[in-house]
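Right after this note come the structures.
Common to both upcoming complexes is subunit A, partnered first by subunit B, then by subunit C.
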Partner chain A sequence: MTETTTTNTATEPLLAIRDLEVSFTAAGGVVQAVRGADLTIYPGQTVAIVGESGSGKSTLAHAIISLLPGTGRVTGGSIVFNGVEVTRASASEIVAMRGKQIGLVPQDPMSNLNPVWKIGFQVKEALRANGIDASRATRSTLTSAMLHDELGVDVAPDDDDLYLGRKAKAALLAALRTAITAAQGAEAADAVVDRASSALRVGATTRSEVLTILTAAGLPNAGATVASHVKGADLTDRVAGLLSEAGLPDAERRAKQYPHEFSGGMRQRALIAIGLAARPQLLIADEPTSALDVTVQRQILDHLNGLTQELGTAVLFITHDLGLAAERAEHLVVMYRGKVVESGPALEILKAPKHPYTQRLVASAPSLASRRIQSAKAAGVVATDLLAPTAGEGPSGTADHVLSVANLTKVFRLRGARPGSHTDFTAVDDVSFEVQRGTTLALVGESGSGKSTVANIILNLIDPTEGKVYFDGTDMSTLGPKDLFAFRRRVQPIFQNPYGSLDPMYSIFRTIEEPLRTHRIGNKASREKRVRELLDMVALPQTTMRRYPNELSGGQRQRIAVARALALSPEVLVCDEAVSALDVLVQAQILTLLNDLQAELGLSYLFITHDLAVVRQIADRVCVMQTGKVVEYATTDEVFDHPQRDYTRELLEAIPGSKLDVFGNASA
Partner chain B sequence: MAWYIGRRLLQMIPVFLGATLLIYFMVFALAGDPIAALGGERGLNPAVAAQLREHYHLNQPFLVQYLLWLKGLLTFDFGTSFSGRPVRDVMAGAFPVTIQLAFVALFFEAVFGIAVGLVSGLRKGKLFDSTFLIVSLVVIAVPVFVIGFTMQFLVGVKLGWLPPTVGGNVNIRTLLMPGIVLGSVSFAYVLRLTRTSVAENMTADFVRTATAKGLTRRRVVTVHVLRNSLIPVVTFLGADLGGLMGGAIVTEGIFNIPGVGNTLYHAIQQSEAPTVVSMVTVLVMVYIFANLLVDLLYAALDPRIRYA
Partner chain C sequence: MPETSRPTQMHFFADLDVEILEQVDTVDETAPPASLWHDAWQSLRVRPIFWVSAFLILLVVVVAAVPRLFTSTDPSYCDLMSSYNPPGPGHPFGFDRQGCDIYARTIYGARASVTVGILTTIVVVVLGAVVGALAGFYGKWFDSLLSRITDIFFAIPLVLAAIVVMQVFATHRNVFTVVVVLGVFGWPQIARITRGAVMSVKNADFITAATALGVSRSRNLIRHVMPNAAAPIIVTATVSLGIFIVAEATLSFLGIGLPTTIVSWGADIAKAQTALRSQPSVLFYPAGALALTVLSFIMMGDAVRDALDPKARKR
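So, the complex of A and B:
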């Protein structure tokens, strides 16, 4: 596949991977993770590798900077970066290349910063290790090369490249204050100085920019003053500068904090600052935002995009999200089982996928345009009576709302610094909604919006501070221990992480059978029969029951979690981010399964998610939560077509691929 | 932080009272009459025995004896031993010896345990690692007195490199071998703890990120792996220090060291309540302080831990 989609056709490729093979030695033998992959990146180009987990995309990326984990080895092919054969480079050559020429922004911001060192220290290390001159702006290699080509001369260091230091900033602001106070009075000076202060970023603003800002602010004789003060930044200044370039507000103070004092988004910005600290020519961004909320994800990607374009950095973007890849990269590479199955311009691949895997990927990509999944079995429901606690059978006669929540409030008491002192944190604030029998209500919001707290209250795992939960018209707070035990039969949870929610020591049979045994249902033979039925229901072979969770894939495990939840024939399933951890194809399968089961068994779902694209596929009504409050509550179509709140609109816009035509036209 | 330390110090009061009462009761309940034992085969003059009982308050009820002892404690009067020496002097002789011994042991287990553990962790599964895993297993499995007598015989008597016993001659040279014997088991634990911790941290995401920054392997290991790996190890060492201060009865016996262990052993044999209770009380206090120190050290090493 020889294809170039950028303007840099004439130049040599920055990175050329040919027939790369990577394998891991496991107990059972050799596992090939990458099988003959080709990849070309030109200077300044953004290329995205798309594929599901296990497709070898991360392994490929790690091979480039020789960071293969454990027993991973390059067993064939070549990786040529800037004319250097990486697979045969010495250890010191590779150390010299890392950071300085190839930067990495890793996947999970929570685990990729060392918890015991301050953020500033960790950024400073990247500068020091690569011998970066912190005092002035480094021109990227691409920019220098272009300057060199166009002008035919080597460009000498220019003093206008010098960064503003923190002392210089203080001195300049003082000079500005004096000048403005003399001319316009103290009040005007305050406003002018404040504005200049936020425009001047220590370690990031260069001398020429400082001059522009101060001249605009009205500093007389700015040229001479600036020249005499701005002498370049030290390492500490530059660290703050890098962090503020990565979009971290108040960077000077933040640099002195530890990772645990940062939110996920802020940590990812710090990791971007580290990745770009030495101004590498290639930045590998390995699922840089998959652990973040959609709105934060968009801000960070926008920022990263702007930054790399400004610096002329080539980006290798790794993601499992096709919409995201198409939005962010001009060139797409689709990987499947260690092989590159398709490669070409992003839009072309989306419009006319050639390989069957890509076709499936495009078809199952959730987007704004997709509609509620219509169950194939919806028309002719033939459910066995044994399994069907179907609609209308509610004992209390209030068949309409199987679950309703009224004015739910949960206040957590946080312990203060002194004994006895505390602050109240309202996680859930006056939330009310109803779930109609046989339908799905989606509870949507960013992390911290209180949606999981609501789920835990409904599952009766924590008590609300105020408000009531009614299940089939019964007030849950009045239930005694016995009734509560009976209630748990009727409401079952499915959790986010299928790796964590199944006991690794339990066989699949024992996992699914456990709730039946706990509630003393049937005898050994009938329970086994029931487990077999449940496995059929979730479309897994009955032989699965002899296996253990570690022998199953993420999608299979989530099916087991569904089977376990269905074992007691519940009426309501609470799905807390039940598909968020899964690849798109698997996600689509599980959503279809849940949908079929709903039609078949008359189940009601409370579906908790941060992903609006999923909501569109499964939900009948949507309840949008923000900081503990319900901000929007309407049918799915209303929310998507006529969002009432800015917050909802923001969430909708943040869905990857929402601005691409391809998905918009391909309505189901 | 100040609140936290204050609360922890206040918690010591009930621990102190409870521990001393318990120990006092146990010594009191020991079988036999200590005064009668003093007289040996011939027995004491009844008048002298009565006077001694009066002097040591042995004719008083248990609770009164305990309260009298507590009262003396307020003025740093720990009572007198049966030999007539003030208990304060007995302790002043024994504790410095044991403190020296404890620090020799601690130094040995910390330095060698961490060094060997680090190398093992970095070379997990290689020859060096396997060798020291077996060595540490042997050290843990074999009782201390076997290691003690073996080393005393080989190093002290056969080879004559180090003095085989300490006696009255307490210095670093004589304490070296007992210190190593005393620290041997903890050395094995420190080694294993460091090894596991290092091996685990080597695969941590933040170590990969540090490598990707362009840091040398040496810097990645010292700055990003070692500090994180030391958190559990330091906790262990701190707790161990409390144990080393009081628990060396076997080692002190083998090498004839006039330390806390030896003194306490003899005092228990003679049912000397004031000596036993006073020394054990000091040990309990040392243990509590060592624990507090560990908790504070933990917070210093790991910025995520904040006490309030």
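So, the complex of A and C:
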């Protein structure tokens, strides 16, 4: 890789993938993960690959930097990056390309940082691996300058390559303080120095920027002073600079911390800093924020957007969320089962999807849907398969509260550093709400808001510290073990992870039959009849009952979980993130199923989720929680149209794609 | 980056031939039902190492059960006249110092080894699984108590403890005393494995779901937790079966295992050491049989572990 080949004109694609085929050799033969995919990225462009799990989107991205796992290999087609054919490049060429020309921000911030090294070390490693050893470069220039006996040499003539060092910052601020104190007095100097100090970021501010800042601050003879002090940053300074660029406050101190001291969002910022450390021309961001809360996701993506735009980096953004992709990228590539089914300008695809798969995807994307599923038909929106017919009766107005909680508080005791010591952590703080019979109440909040703790208290899996749960007017805490056993029949849970909520050792029949057997309902024949009925109810073939969970897809498992929950004909279903782990199409199917069942059986749902977009599709009332407290409690329309609290507004704005006016334009 | 400098990309969409949509959520009704054990069997049956070890184990078990099928020579009939005689017709391995037929002794020695191995493993699995499951499932102080007891037993070396305790049984040593002694000191490993497996399973969502259904704690443990924790226990048990055979041989070698009236590989190895340099074949046959038996059990354990490894199975 020489400098001449990496320069390119704007009209030439930075990355061109043609007819790419990737296959994996598995026990059952060869599996084609990517089949004839095309993709083009121009310099500075943001392109998003959208697809559900297993669509080959990550495989395609990993093929670009030859990071295919295990038995995967490219079996056909070409990947041309900057004029170089990646599929035929040697191992050393690819190593040279990684990091320096193509950066990667991986998916899971929790597992992609090495827990035994400090954050700063890991960023430094990214710099060293790519030969960007700032201090060494400066040293060698200085050495050669001394050999030629040039005094006052300009170490690197290009100001953009010279960053402010730690010591230089201190020296410059001292000079500034002296100058301002002499001119305007000590108090003015304090303010000016404070302002300059926060503007000057060690390792990130370049010499020309330093000059601008200090001239503005009023440093006399700034040009010469800056030139004499800013001689480039060493690696440690540069690491701090990269981290602060990625949006980490107090980066110098943070660089000395370990990954476990960082929150998920901060770790993702560190990973972005690593990905961008060597100033690549292309950054591959593989679901960079799918593990994070929506508000954090928004902050990080906003920041990433600004940063890559500033640096002119092209971004290949991989996501399962159509709304997010459309909001963040100019160009969309929709993948399905290893094939690119549609690609084109983002808004064009959203407004006029051509391929039936994309049409379904657009129709199902919760972030783009604007109404509750059952009311969508009434509103005259074009019917799709997710708009199932329902009784469509809204809340009847009578105060028939099947479930209500009053002043619920749960305090967890956390073990302290010393034996015997402890601190109290209030997970749920004075929460009250009611669920009306036959309706859905959504409990919304980000991670740590205490929503799942509320669910577990209602399911009687943990005891509240204070407060009461009333079921049908009966105080739950007064129930004896026998009544409690009966209560279990009336309230059933559906959990988030369909892979974990079914016993892998139990056949589907045993799984659905278990509640009946536990409550000694019917005999063998009548139980089997009931299981068949339940399978019909969740739209699975009756033959499924001889299978085991590992043979079923995530959506099918979730249907089984629904069937099991319905076995005892409960009145209330507590859905704890019941659709969060599913792909959008499957998610839409399950939501429709839940909605149909509600209309059919008059069920009441307590729907716990972090995803406000889903709330709009299913809920009648919404209860927004933040750090254990209820911040807003109103009907869904009120919350979405007239949010009262800042936090709710922030959550609403963070829904990916919420600002896209897709349907508005289409109907106009 | 000015927007205008970039060429716009075409709106492309694929042909409608992709086999789509209806497949999104269908169940393959023709495939046979596949439980975990079914999957494990599917992956086991294609592995040569499984068939080799299965054949060897079967062979050893048959030899142990009916040694008469393999030799008509009485292993306890010894004639000093034929001491260290080389192999001859009817005596393929030759004779040991006492003039006993080595082939017959090797064949008859299998019974003691296999009996001790299997019985000890059963004792150890029952004891270890119960302690481990209770500690792992009920947790808190109960776990602390049981775990400390486990640690105490774990800290005592198996063979050392057996040597000490076997002295007590000096007068009436037989297969069962060896099994009891090895069992009493051998269970901590299984207990630890079980405890870990149970702890990882007990927080699974399906346990919470069962609890919410009204399934009691003890029923949960038996019906849901234990079947899911069985795989590592089976793997460890298979491997430790080999280890217990070695332990029995060690004790017999030291002269405190099985009494001399019972033919055993360990005792024969002990006797062979006196003539190791002049007559290595006397040592070779019982030692080889022992090594082969242990190896086949350990290979089986390895194969079973691979088959039961959730990471190796398709999800």
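Quick notes on this one:
In this text, the second predicted complex is superposed on the first by the 570 of 668 C-alpha atoms of A that agree within 3 Å, B and C clash if a C-alpha of one lies under 4 Å from a C-alpha of the other, contacts with A are read in each partner's own complex, and residues count from 1 in each chain.
Here is the rule we go by: a residue touches a chain if its C-beta (ideal position, glycine included) is under 8 Å from a C-beta of that chain, and two chains touch if they have at least 3 such contacts.
Predicted model only: the values in this text are computed from it and were never measured.
The wider contact with subunit A, measured as residues touched, comes from C rather than the other of subunit B and subunit C. By the document's definition of touching, neither partner reaches A:Ala363: not subunit B, not subunit C. In the superposition on chain A, A:Val411 makes contact with neither subunit B nor subunit C.
Judged by the touch definition given at the top, the superposed model places A:Ala129 against subunit B, while subunit C stays out of reach.
Of the two partner chains placed by the overlay, only subunit C lies in contact with A:Asn550; subunit B stays clear of it.
When the two structures are aligned on the shared chain, A:Lys339 is found in touch with subunit C, with no touch to subunit B. Of the two partner chains placed by the overlay, only subunit B lies in contact with A:Pro115; subunit C stays clear of it.
When both complexes are aligned on chain A by C-alpha atoms, no subunit A residue touches subunit B in the first and subunit C in the second. The residues of subunit B lying in touch with subunit A in their complex are 3, 7, 203-217, 219, 223-224, 227-228, 231, 301-304, 308. Against subunit A, in their complex, subunit C makes its touches with residues 1, 5-14, 16, 18, 20-21, 24-25, 27-29, 31, 33-36, 38-39, 43, 204-206, 208-215, 219, 224, 227-228, 313-315. Contact residues of subunit A toward subunit B in the complex are 65, 67, 69-70, 91, 95-100, 103-104, 106-108, 111-117, 122, 125-126, 129-130, 258, 260, 271, 274-275, 277-278, 415-419.
Interface residues of subunit A, counted against subunit C in their complex, comprise 10-11, 26-27, 38, 40, 42-45, 309, 312, 331, 336-337, 339-345, 348-349, 354-358, 360, 459-461, 485, 488-489, 491-493, 495-497, 499-507, 514-515, 518-519, 540-541, 543-544, 546-548, 550-553, 555-556, 561, 564, 568, 585-586, 589.
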